[in-house]
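Listed below are the structures to be examined.
Here come two complexes built around subunit A, the first alongside subunit B, the second alongside subunit C.
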Partner chain A sequence: MKECYLGVDIGSISTKGVIIDNNNKIITSAYIWTEGNPVEAVRKLLNILKDKLPKQYQVKGIGTTGSARKLIGLMLKACIVKNEITAHAIGTLTFYPNVRTILEIGGQDSKIILIKNGIITNYAMNTLCAAGTGSFLSSQAKRLGIKVEDFGDYALKSKNPVKIAARCTVFAESDLVHKSQVGYAKEDIIAGLCKSVVLNYLNNVGKGKKIVGPIIFQGGVSKNKGVVKYFKEILKEDIIVDENSHLMGAIGIAVLARRNKTGHTYSLELKNVKFITKAFECHRCPNTCELLKIYRNDELVDSWGSKCGKY
Partner chain B sequence: MIKIAFPHMGDYHIPANYLLSHIFPNTIVIKAPKITSKTIELGTKHSPEFVCTPFKYTLGTMIECLDEGANILIQMGGGCRYGYYAELQEKILKDLDYNCKVINLVTEGQTNIKRINNLLKQIDPKYSKIKALYYGFITLKMVKYMDKIDDYIRENIGFELTVGSFESLKEEMLITFSHVKSYKELYRAYKRYLKKFHNIKVHKPDNRLKIGIIGELYTIMEPFSNYYLEKELAKHHIEIKRFTNVHYLLFEKAHKYKKYKKYSKEYFTYNMGADASDNIARSKYLCEHNYDGIIHIKSSFCTPEIGAMPIINKIASFYHKPVLFFSFDSATSETGINTRLEAFYDMLEMRKDK
Partner chain C sequence: MRVGIPRSLFYYYYGDIWKNFFDSLNISYIESPKTNQEIIDRGIKMANDEMCLSLKNYLGHIDYLKDKCDYILVPRISNFKNSNQTCTNFWAAYDIVKNLFPVNILHYNIDLEKGQTLKKGLYKIGKELNKNHHEIYKAYKYAITREKKRIKKNHIINLNKLKVNKTKILIVGHPYNLYDEMIGKDIIKYLIKNNIEVIYSDKFDSKITNPLSKKLSKDLYFKYSKDNLGSIIYCKNNIDGVIFISAFPCAPDSLANELAMRKLQIPHLNLVIDDSTSFTGLETRLESFLDMLGGSLND
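Then we have the complex of A and B:
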């Protein structure tokens, strides 16, 4: 039997799973929508991965990252649960040891990671709002009546992108409506949107950070050719987009799972695992903490949200 | 009947309560309820939207105290917007139909004995000056001892062998402090507890991480408003250095300014208000003294600290040290803080392992 390691990245919009072998080679991967239900999404994801995984492999470690990392970590009994910043850096470094800057735009957040000699030296994450992240782009695509996957192609067609006030999602949307109502072409608006995502990113997340090459762009939005084009244009540097750029977080956490293996063998079968969360509000003090109790196979495994530590 | 109350800040309600109840034996000192989510909700509801967060916290506590029957509230003032808190809060409370008086002990960032005397006379015309001086002295010493012990705790709590031993001993100490009758008793209690704290077994590895926390004073000193940042760091076995405490603000700040200015003269020439200049000098100090990273915290819309942030960034990049900025508001997401903190910790570990 050969050993392999599973990394699961449960983001706000999409859930990613990657299985790697001992040489960090990707054996199989899956990418599905979270649809607001991480537990169900992970069940689906593991079903896909289970069918795709060749029979001679045995899962020796599981790692989780992304915004639902803690919950899914409990569900899968993961050997490592890590934040997405570290996971992305580790994933990228396994394939590009010389990288200096990682630009990442995901569904709800965007981050920049600066690396020197293979270690993270600084990072930043968006603090203002979701303007210029994947969920904003996909909601705008829906409004304009095109698929978000085609966004990049539309943007590349444009010759004069319009200027859009994209500081905040609400203002950006009203500006977009205004621009289309006064008669700008669709591709110019889309190109303008892509450009404003880049400008917004550099002014907010990238503020005060020295961006040096090689630069790698990843996260779901890196699949958008329009955004890549404007990053190149504005930074005047080459931007590398890996074919697995959307999976980098999952790869990173799989690598970390390999480094932290315990010897335990995991099963990808979740049919027999009952996993329920129960939410309630505690009224013992005016804090009124929102508590969440997590049950795995009817056994209480953890409870979150208590400020006083009673639960 | 006069009932006095004051807003919370860290553990300083204990010396404040001690002082007031000894100077005014004929009045009732109301212990403000602990800060909870309800406090900040109340404060946010009645505050201007873009005021700094300490205003909201203190206003929330004031309303809670008034509901318990207080009619005189005590507020301090500092060298920034903090200086106008008392007046504005009194106006807001009066608009809410509360019958109360807000007394500002520190105006224009300075304390004036004569003015304080007049203010105290307003509360109780027959208060004894000698008693006030004596208990004032004890209270200031109490603050000093508490801050000294806190400094020791911060350096060691991340490495305690039995989790919670520091915290439970500190609680015991604060109760003892609040019942002392004379300075001698206080001093003896301090010495006794200092020994006890030193006797708590800790395991401090040589390659431990050391972080300096700088930033706006209220957010630093009130753990509820910084989402228990120090506790979170201690869980990761990190040694913490913090400069700001009440003793510093009362006795050290004024004469340290000149030293700080000379020390970091390449970064600022004029006083930037509140603690901004201090924090610039401190970040240089932390970078030069082998600290692994800096965490800068402030409440949202804190103008002096916003002015200091680009300079701190510059210092940090000059010394190749990472710095993490946090802005806390009434609507900050705890998950966001934890993710950033965890990543910061991972980064420091990676740098250390290099």
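Then we have the complex of A and C:
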């Protein structure tokens, strides 16, 4: 039996799973939409992976990352649960040891990681505002009646991108509505949108940071050719988009799972695992914390959200 | 007769002076409880939407106290001379409270450019509460001696922390944000749980830190920005990273944060807090920051 490790990255928009072997080679992977239900998404994901995984492999470690990492970590009894910044950095460094800058735009957050000699020296993440991230692009795609996957192709067709406010998505959206109502072509608007995502990112997340090559661009939005084009244009540097760029977080957490293996063998079969969450509001004190209780096979495994630590 | 002291904003700078002063004068006082969700909600109801979270919070504390005491201590603190201004919210707090709440306000004005010192401020309070000159002087002396001791003690505690052999993080921010139950407390709890030595910017003696800020910029305007930036310069060689905590949308802090982030080569994390109830986003940022400092990313 050969050993392998599963990394699951549960983002707000998409859920990614990767299985690697002892040499960090990808054996199989899957990418599906989260659709607001991380638990169901992971059930689906594991079903897909289970069918794709050759029979001679045994899962010796599971790691979770992404915004639902804690929840899914409990569900899968993961051996490591880590934030997505760390996971992305490790995943990228595994394939590109010389990388200096990682740009990442995901579904609801965006980050920049600066690396020198294989060591992270600085990073930044968007603060309160989720402007210019994947979820904004998806909602605008819906408004324009286009699949978000086709955004890049439209943007590349444009010779004349319209100017769209780059500071705030609320203003960006009113610009967008206005421009389409006065008759600008769809591709010019989409190209303008892609450009505003880049400007927004550089103004909000990349501010004050020295961006040096080699630069790697990842996260779901890196699949958008329009955004890549404008990053190249504005930074005047080559931008590397790995074919697995959307999987880097999952790869990173799989690498971490390999490093943290406990010897336990995991099954990818979840049919018999009952996993439910119950939410309620505590009224013992004026804080009225929103609490979440998590049950695995009817056994309370954790509860979150209490300020006082009673639960 | 009872004086109400809101546990917010100024409390974290002058609370000890006030309490000692009142103790010495035998005046009873009530402090509002530690901030909780209900107090924040009450504050938001009273506040204008553009006020910062800390000021909303302050109004919540006043609202809590309004029918529990005869006076509420609401200072106006404007400047400390030599272009050491305070935030305009500090100037305005008195008028805002006066216009929003039907309460008796205990007047207390600090404006060093106009000769309104801490001593004069305390005398004003004493007189309003019908105490004689002798009693007030005694109480003032008592409060001020204790305050000097407190500042000295805190400074030494901080210096000792810098010698500890652990990952050390300087938490920079206004004390009314750092120590507030609903703003900074969870962040500090998280750091301590992860075995970090936490050093607080406000616990350094501002007489030492304040002038140091000139090294970053000579045009700084706000006293507390200067104190905060000075504290980073003061210990920058002895710490592993800086976490800058500010409340949304604090303008002086946003400037101070950029200055520190761009000009000083120290790992830096900026956390902007609003009345969002979820800790998840903060946790992601804190965890990755600690990963970076600890070097746990590398094999």
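Just so it is clear, the second predicted complex is superposed on the first by the 309 of 311 C-alpha atoms of A that agree within 3 Å, B and C clash if a C-alpha of one lies under 4 Å from a C-alpha of the other, contacts with A are read in each partner's own complex, and residues count from 1 in each chain.
Basically, contacts are C-beta pairs under 8 Å (C-beta built on N, C-alpha and C of every residue); 3 or more make two chains touch, one makes a residue touch a chain.
All figures in this text were calculated on a predicted structure; none of them were measured in a lab.
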item: Clash or fit (per the criteria above) of subunit B with subunit C on subunit A; value: clash
item: Which superposed partner A:175 touches (first subunit B, second subunit C, both, neither); value: neither
item: Which of subunit B and subunit C A:123 touches, first, second, both or neither; value: both
item: Partner chain in contact with A:187 - subunit B first, subunit C second, else both or neither; value: neither
item: Partner chain(s) touched by A:83 [first = subunit B, second = subunit C, both, neither]; value: both
item: Touching partner for A:208 - first (subunit B), second (subunit C), both, neither; value: both
item: First, second, both or neither for A:259, with subunit B first and subunit C second; value: second
item: Subunit A residues touched by each partner, larger count belonging to subunit B or subunit C; value: C
item: Intersection of the subunit A residues that touch subunit B with those that touch subunit C; value: 67, 82-86, 119-123, 125, 127, 208, 285-289
item: Subunit A-facing residues of subunit B, complex; value: 33-34, 36-39, 310, 313, 317, 320, 322, 327, 335-336, 339-340, 342-344, 346-347, 350-351, 354
item: In the complex with subunit A, residue positions of subunit C that touch it; value: 36-39, 181, 186, 248, 258, 261-262, 267-268, 270-272, 274, 276-277, 280, 283-285, 287-289, 291-292, 295-299
item: Subunit B contact footprint on subunit A (complex, rising order); value: 67, 82-86, 117, 119-123, 125, 127, 208, 210, 285-289
item: Residues of subunit A defined as touching subunit C within the complex; value: 67, 82-86, 89-90, 93, 118-123, 125, 127-128, 207-208, 259, 285-290, 307
